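These are the structures in question, set out in turn.
In the two assemblies presented below, chain A is common to both, partnered first by chain B and then by chain C.
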Partner chain A sequence: MTEVAPKEPAIEVENLVKRFGDFTAVDHVSFQVERGSIIGFLGPNGAGKSTIIRMLCGLLTPSEGRAIVSGIDVAKDPETVREHIGYMSQKFSLYGDLTVMENLRFFGGIYRVPRTILPERIRFAVTMAGLEGREDSLVSTLAGGWKQRLALGCAILHRPPILFLDEPTSGVDPESRRRFWDLIHSLSEDGVTIVVSTHYMDEAEYCNTIALINRGRLLALESPTTLKKRDLGGDLLSVECPDIGKAISLLEGQPGILDIAAFGNAVHLLVDPAKVSCHDLEGRLTTAGIPVERIGSIEPSIDDIFVRMVGENSPQGGAG
Partner chain B sequence: MRWGRIRAIAVKETIQIRRDTRSLIIALFMPFMQMILLGYGVSLDIKHLPVCVYDREGSQNSQALLKHFQASEYFSIIAVLKNYREAKAALDSDRCRIVIAIPHDFSQKLSDSGGSTVQVLADASDDNTANIAIGYAQSVVDGFAGNLAVAAQGFGGSPAMQNQGVDLEERVWYNEDLDSRNYIIPGVVALIMALVGALLTSLTISREWERGTMELLISTPVQPSEVMLGKLLPYFAIGMLDAVFCLVFSVFWFHVPFRGSLFALFFTTSLFLVVVLGVGFLISAAIKSQVGASQIAVLVTLLPTSLLSGYAFPIDQMPPLVQGVTYVVFARYYVTILKSLFLKGSGLEDLARPVLAMGIYALVVAFLAGRAFKKRLD
Partner chain C sequence: MFERIIRILVKELLEIRRDRWAMFRLIVPPLIQMLIFGYAATFEVYHVNTVILDRDHSQESRDLISHFVASTRFDVVKIAGTERDVSQAIDDGTATVGITIQPRFAAFLLKGEKAPLQVVVDGTNSNTALIALGYVEQIAATYSASQGKTYATRIPGGITARVEDLDVAQRPWFNPNLDGRWFFVPGVVGTLSLILTVSLTASAVVREREIGTLEQIMVSPIRPYEFILGKTIPFFLIGFAETALVAVFGVLWFQVPFVGNPFILMLGTALFLLSTLGLGLLISTLVRTQQQAFGANFFVSNPMFTLSGFSFPIASMPRPMQWVTYLDPLRYYLVVIRATFLKGVGIAVLWPDLLAMAVIGIGLLTLSTLRFRKALD
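This part shows the complex of A and B:
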């Protein structure tokens, strides 16, 4: 076991590349993760989030580049790295035909948690997951939120200093998501380094660092606050109207409209303030028979930044 | 290698087997089904075996005896021969499997001493058929007159037929009931062990891939050899249980005699199980789908074991090239051992060669299985 020097980052990635045939899934990605911090991988489907995480866990061999996890080169000594990490794969991968306790005991055995402390660790995991009273339920019968928390419980039985969580909250109700993030935060406070990938923009706010990934490339690596201050190159307007689709097709590509995207029941527009104003827009929509319920300038959210940056990184380079 | 991890995997695997109907059916019900199906279904008993007759006496008595043969459902007389040369030619050309020869003093001896001899000339290269045919000949002769004896003579394709005399007692004693079931059942045991063992283990790795649990398992520090041992231990126990069941069923239900040592049986069965489970594990590691893996497992075990192990079809009757192939079929050694243990009562020391062959097989397969699957997704 290698002791990590206090200042040394938990994870160091240099020019990591993964190719599947002639398709490049991860394209020269470099970053560092401080110990005890939470880094969130944000990106659309197929961005390469899982592929990076799998390379860091030693499950995939990098085509190029270097990954140092807990001070160890993953390519050279994956087994030692595996002693230091906990992993939650994107697809739920505990044993559905085993009970909660049986799963916990299995992973306790696999990670060689000493028998004297295993019961206490298991009790902690059960309490953390809120599974008291369900110790003997088959895992396949549990609802999504419980499953995810149990998977986290199994991943931390051996108290790994680094956790990789690949979309741990996908398909889980908002209340369970919130609970899950509370757990992540308390682990981080205990000094655990956490790498988490997600689709949910709101979750990005919970991370210390956001890694914006699209098409295998790292587009941004900064704190949520810095990310939100990014200059989008225009003013952001939000328009609420009944027929969003019609509004988008009317305005898309018009002079002064830099970007346009649907956000729930609103349309977010990035406009050149010299060419387009709120008043002018409202007039155009009303004339086209689209009543405007609300229109105004807004502060960009991570979502807006994300859509804008991903749009710029797309082959069309236009609206995302 | 850490015992703690092996145990964790073995415990997990046992729980999964207990909760999986399909595994339970294969482990517990299939041996029973196979025993019944193969024990009753496959019969090598011979009907209407083509025979030639050589009546050296040509008396009323001898003709009456030949009519008995003709009437029996076991034989059909296809030719009447005039001398031993013709008899040999008929056997050599495979025109018939046996020749019934009635000596010139048949009636004389019968009236003098009340007993006489009938010769049965058989192609000794076909052990099994010859033995069964000789037994049937005896029963036909018995039906004719209580005290007629059959003297068997075998030809191994050598011209010196007179010197190739085969003692009937010697040839037949290891299967004295002449029940083809006795000959088959020990092989059925091998067949069951091979099929059950490989089928069960062929699912263990592929199931983890299919359900996505493998990705998590290989992210842990567990070693491939620990996974192999942990997974195979419960199946080894099941295999041994099935072996006991097969033995009990063979002896007490089918009344197949077991004359060898139980220690030798369980020792060789362990070796065989290691090979079979290892092969199933290798297949499972190579093929990531459960259906695919189980189909290959059936193909790799059932086919060679049923056709090339000598369990029903004697190896020495196969064309030389095929005989050569049987040396690769590991079930061949186990079938040889089982037949010797059941019927001849051989000990481990008599079986040194097949036991050694199985031992080598077991080592090689265990070695390969220990590094069969890579802890990688690519």
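This part shows the complex of A and C:
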């Protein structure tokens, strides 16, 4: 293990680019991650989150730019970097036809965890995953949440100082997702740097830093609190009504309406407060035959910020 | 280094043991294929449907026909009345061979001149046609020889009755009865081991790519050669056991002799497996899914089989094709396997083939090891 100066960031990325033929999956992305912090990559599917993580793990070679992980240039010495990192992908890559114990022993062996401490590490992983008493069950018989926690357990058997989690919560029930984030927090408290990607915007709140990614570009890099305080350039209103589609087509492009998007059973509108008020809007919708169930000003969520920023940054002007 | 190799090896064997059908798949299909090949794959031609037109109606012509009827090579299905009947029978597939005994057949024979006998064969299966033609000639020759003797006694001193008693002494070595099975069964051992080990190895790696564990292994500090050794050693052992099983079955069931040194066959098998495992790994670095791997295996194994000399003589191939066969490890393995089964020759003769397999095997394994790391990009 190479010593890393305490002040040195765990990860430093400069102008990272990845092209697949004509397609630019990652477009000049730069950021730093402090040691012991949690950075969350947020963005829709195909935004380039996984590609960035794979480049940081040395699974893909950058087309341009540099990635320094744990003080080592990944492109130059991927093997040494691999000693310092743990990786878990959205597939929870485990052997379904092996038991919990056999999987743990296999990954422990691959990472050469010394025989003397491996049993203790395995015990820890089993407890963490909540799999006590099921050590001899075949992994294929486990439910998603357990598989997910076991995959995390396998990824940290060698106690890596940096952990990459590529969409670790996809396809898992909300209770398991919450439990998983508790585990990530306790790892972070132990000083592990965590890079996690997700397309669940609500998970952003759990991160120290959020990196908003769309179409391979980094749109924002700040804490969730700062991100939410961003000036959207207007007031955010939420309107709940039965026919959302009709409401959007009625209001879209009207003077004073800066942006409009559907959020579940509500419409979120970014308005110029000088030109549009709640009362005025309610009137317009009612006249058009759309009964308004609830209307009011709201605090922007990460989702709102994201949709707004994507709108500003995409050439088509839509939230892709 | 050994720690990781053994981990992968243990995992691989555990997975095979867990697979309820693995043992069945490894044992039953090869034995069935061996049985099918052993019984069905033969160049011998028997019971060729034959139509005969006798336009001479002499004692001699009927005598010749009886020779054909008596032969197990030909089944005379029809005595035709006209030329049309003959061509009709060939056209509609009733017969493969049509023999026409021309008028004045007996008269020519009596004069000691060449007696006209016309043979038409259905050439759609050129192999059968050629072999059948050969038998026709054989029967005709036997017949004319016996006729010659008859006339020689009848007309003593007659020039035309001079019979050239050209007796070719045939003594096929190593396979005295020229039993086709003796040629095929050892070949099947090699071919089965090729198809099996290439597909097993390729799908074992590609399966890990599909379920994502390969990616998980790639982010670990494991060295490519450690992964590859851990992955190939189990299949090497399985391939070896498989070959032994099929070979022993061939010897016991089909009574094919094994006269050579089993250790030379084992050495040859080991070197051959290097090539097939290397090929399997190489395929696995080129494809994404098990289906693609299956397709690639088919694409590679078939030409290897065709060019190996298993059934088509390499010496009869066009020159450039013959050069290509030098890249085919099965070519060398078949030499080793047939030589040890039937001839019993040793290293002194077989070393070039063994060396060629070693070179190809090491080359393929090195190539796939070099390619392995880059596989995600």
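Rule of thumb we're sticking to: the second predicted complex is superposed on the first by the 317 of 320 C-alpha atoms of A that agree within 3 Å, B and C clash if a C-alpha of one lies under 4 Å from a C-alpha of the other, contacts with A are read in each partner's own complex, and residues count from 1 in each chain.
Note that in this section contacts are C-beta pairs under 8 Å (C-beta built on N, C-alpha and C of every residue); 3 or more make two chains touch, one makes a residue touch a chain.
Being a predicted model, the structure only gives us computed values, none of them experimental.
The superposed arrangement places chain B and chain C in clashing positions on chain A.
In the superposition on chain A, A:54 contacts both chain B and chain C. In the superposition on chain A, contact of A:306 is made with neither chain B nor chain C.
Legend: residue contacts after superposition of the two complexes on their common chain; A:93 is shown touching both chain B and chain C.
With both structures placed on the common chain, the touch criterion links A:146 to neither chain B nor chain C.
In the overlay built on the shared chain, the residue A:200 is in contact with neither chain B nor chain C.
Of the two partner chains placed by the overlay, chain B and chain C both lie in contact with A:85. When both complexes are aligned on chain A, the segment of chain C among 7-15, 43-51 or 151-159 whose C-alpha atoms clash with chain B is 7-15. Counting contacts as defined above, chain A residues 54, 57-61, 79, 82-83, 85, 87, 89, 91-98, 102, 105-107, 109-112 meet chain B in one complex and chain C in the other. Of all residues in chain A, those touching chain C in their complex are 54, 57-61, 79-80, 82-83, 85, 87, 89, 91-98, 102, 105-107, 109-112, 138, 154, 164. The residues of chain C lying in touch with chain A in their complex are 3-4, 6-8, 10-11, 14-15, 18-19, 211-213, 215-223, 376-377.
Taken in their complex, chain B has these residues touching chain A: 2, 4-5, 7-9, 11-12, 15-16, 19-20, 211-223, 375-378. By the touch rule above, chain A contacts chain B in their complex via residues 20, 54, 57-61, 78-79, 82-83, 85, 87-89, 91-98, 102, 105-112.
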